[in-house]
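Here come two complexes built around subunit A, the first alongside subunit B, the second alongside subunit C.
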Partner chain A sequence: MLFPGETIDTISRSGTFCDNGIWRTTVLGYSDDSGQFAMHNKEQIVPKIGSEVFCRVFKITYSMAQAHILSVNNRTLQSSFLGIIRLQDIRKHEVEKLVMEECFQPGDIVKAKVISLGDSKYFYLSTAETEYGVILAWSKDKRLLPYNWEEMIDSDTQQTYKRKVAKPLILE
Partner chain B sequence: MSDEILFYGLRQDGRRPSDLRHSSINVGVIHSADGSACFSQGNTKVMAFIQGPKQNRFEKEKGKISCFLTSARFSTTGERKKVIRGDKKSSEFEEFLKGMMESVILFENIPHSDIDIYISVLQDDGSVESAAINAVTLALIDAGVPMKDFLISCSCGYYNSTAILDVTYTEGLSYSVISEFRIAVMGASGLVAYVNYEQFGSSKLSLEVTKELMALAIEGCRQVHFLIREFCMKTYSY
Partner chain C sequence: MELEAEMWSFTHSIVDTAAGSAYIESKTHKILCVVSSPSEFSELLSSEEYQRHAKAHLNVVSPHSSQVKDALSSLIILEKYPKSVIEVKVQVISGDEDTALVYIINAVSLAVIDSGIEIRDTLIAVSAGFKDGKVIIGANQLVLGVLVNTDKVVLIRLEGVVDEQQAGMLIQACFDTAKHMFQMVKNSY
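What follows is the complex of A and B.
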């Protein structure tokens, strides 16, 4: 059993900090069989730069979409954080042709990456990669399916809806 | 009851001058909080719970700690408490606790996050502040907040040229030189984080007495540290 502030020999991934060259623990834990520090509690989950997040869009404006961050690196959050996807962060090319309504709608579940902790109360998110974008969307309680990289389709009516679609995960 | 504190070297409740009261610890007492603990020492009972780390509401990279100390109306002996929050003594302690926790919690690991500390005094029988610090430490450990070190606190008094450990309410009321001398030390490094005392009248605390009280209080903290360690070993077993 290791308490916060105790010295450890091996450098571990999480739950430790370096104090003048001495590695110390920061939370309650224990050293496992390989001598690594293992935390007792689960780590406090906070979005960091580069984290992959899932968020639900709740409001869109001309220049940005606001979203509640629901999970960070596939770990569910206790309370949601606020995030913003700016128009210029939706994709890398032809940003000037983008229209916010054709990328996101309120209620969509979006996979995004944290690019900045922001200067105010929002985390800045980006979907400028093929694997980031809308993963779940609904139209009148009907799940939409990804059709191509900027359209989603209702399988009953064959009607397409414009979205910034994430590259679908293909499960084997 | 007689005003005497020490009869033939024993105190009113039968303890020797350097004995702690019996203490009991509970963690996870509040399910809706991120971390909670209940620390009782004799008849003093303090509950602490933590909300957070949660997103901060101010435009700051570094998080903020808020402390809220409330005493239950039924906590005191005698008449019911009229003011339960925000009186001078508890506001002062909230500020002290905030400073102490800011020096201990590693905010670099949890950017943009605030921590709220709520303390409620359920029973007041002396040494409430020390019990509160211990309860907050346990709650922070329970919540898994990254900390450089953890704080342990203990109080002592000085009566008729004898230093007594862990003063009760009645011992604190008697007109001794020092009613409550409180310190908080860091568990792992052994550094003293906080020293505070209350005195009656104009009598001053001499250097020798301070040294004696400090030595006794640090010894008391060691005992509390041992208790908390034992408890954590038992509770968080693998």
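What follows is the complex of A and C.
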């Protein structure tokens, strides 16, 4: 078992730190078969710029949606962080025609990307790619399904609701 | 160099619900430390609100807490956790509070290692002092927090007056003992 601060030969992605040109471990771990440094415990994560996050929208205004960030890079957080999706970060084209109620509603689960560490309260998030946007939404306690990039549908009543919908992953 | 007090034994991951935890037991003290995951830093609470909430808890701010905080600020790679708060809670279950610092620092260090929060090096604290002209490990004159692999000091507390040569002897004894304790911790993890 390698303890924090011990020198290692091979540079690994996580759990290591360069101190004056010498690479040292920063967490408990061990050298695995390929000589790489493997961490013993789970990594403690916080949202970083470029991280993919899942968040739950809890409040919308005309210019921004506020959300609790629940997971970072498919790892659930122990406690949520606050994030904001500004109107101009929802999509790339025709931003001036956007209306917040047609993109997100409180309760929606949204897949987004962290674009900035933001201010003291909020991380800044963006859904301006096809794979980002609303993943799960509900209307009157009924789960809505993705219909197209701007609509979700209630499968029983066939009624559509406007959202900025994330492109679903097609599993081969 | 003689060991006056028996060294300490420890258990890690003792609290399931916490990110990291450690329990240290010696002949004189029992210390439990719990470390939380980095969580949101809320600036919403003003200092007045903190004081109102603090009345509901048995929260005693101890002189040790600022020293623990300073040691951890140098130890944890804080740049990896922007906008986050890491809570470290220490409970001195039994033992005299004045001589507890050494065990508190070791409990905190092991709990932080257990949590997986990234740190620069392993921190081991040792105390030493002079008795009848000899350096005794465990005497509570000098408390030194040593980073065992990079040979650095993150915590130092000296009571009383020593001259330059005596200080050098105490510090050297603490460094040697810290490395010895580190091997003990490594072997029993």
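The working rule: the second predicted complex is superposed on the first by the 171 of 172 C-alpha atoms of A that agree within 3 Å, B and C clash if a C-alpha of one lies under 4 Å from a C-alpha of the other, contacts with A are read in each partner's own complex, and residues count from 1 in each chain.
As a convention for this text, a residue touches a chain if its C-beta (ideal position, glycine included) is under 8 Å from a C-beta of that chain, and two chains touch if they have at least 3 such contacts.
Just so you know, these numbers come straight off a predicted model, no measurement behind them.
Under the clash rule set out above, the superposition-derived model of subunit A with subunit B and subunit C contains a clash between the two partners. Legend: residue contacts after superposition of the two complexes on their common chain; A:17 is shown touching both subunit B and subunit C. Of the two partner chains placed around the shared chain by superposition, subunit B and subunit C are both touched by A:121. Within the superposed three-chain model, A:30 lies in touch with subunit B and out of touch with subunit C [touch as defined at top]. Within the superposed three-chain model, A:39 lies in touch with subunit B and with subunit C [touch as defined at top]. Contacts of A:4 after superposition: both subunit B and subunit C are touched. Once the two complexes are laid over each other on the shared chain, residue contacts for A:82 go to subunit B and to subunit C alike.
Contacts of subunit A with subunit B, set against its contacts with subunit C after fitting on chain A, overlap at residues 1, 3-6, 15, 17, 19, 24, 26-28, 39-44, 46, 48, 78-79, 81-82, 117, 120-121. Residues 1, 3-6, 15, 17, 19, 24, 26-28, 30, 39-44, 46, 48, 78-79, 81-82, 117, 119-121 of subunit A are the ones that touch subunit B when the two sit in their complex. By the touch criterion stated above, subunit A contacts subunit C in their complex at residues 1, 3-7, 15, 17, 19, 24, 26-28, 39-44, 46, 48, 77-82, 117, 120-121, 123. Every residue of subunit C that touches subunit A in the complex is listed here, in rising order: 19-20, 36-41, 43-44, 77, 80-84, 113-122, 147-150, 182, 185-186, 189. Touching subunit A in their complex are the following residues of subunit B: 34, 53-57, 59, 61, 106, 108-113, 141-150, 186-189, 229, 232-233, 236, 238.
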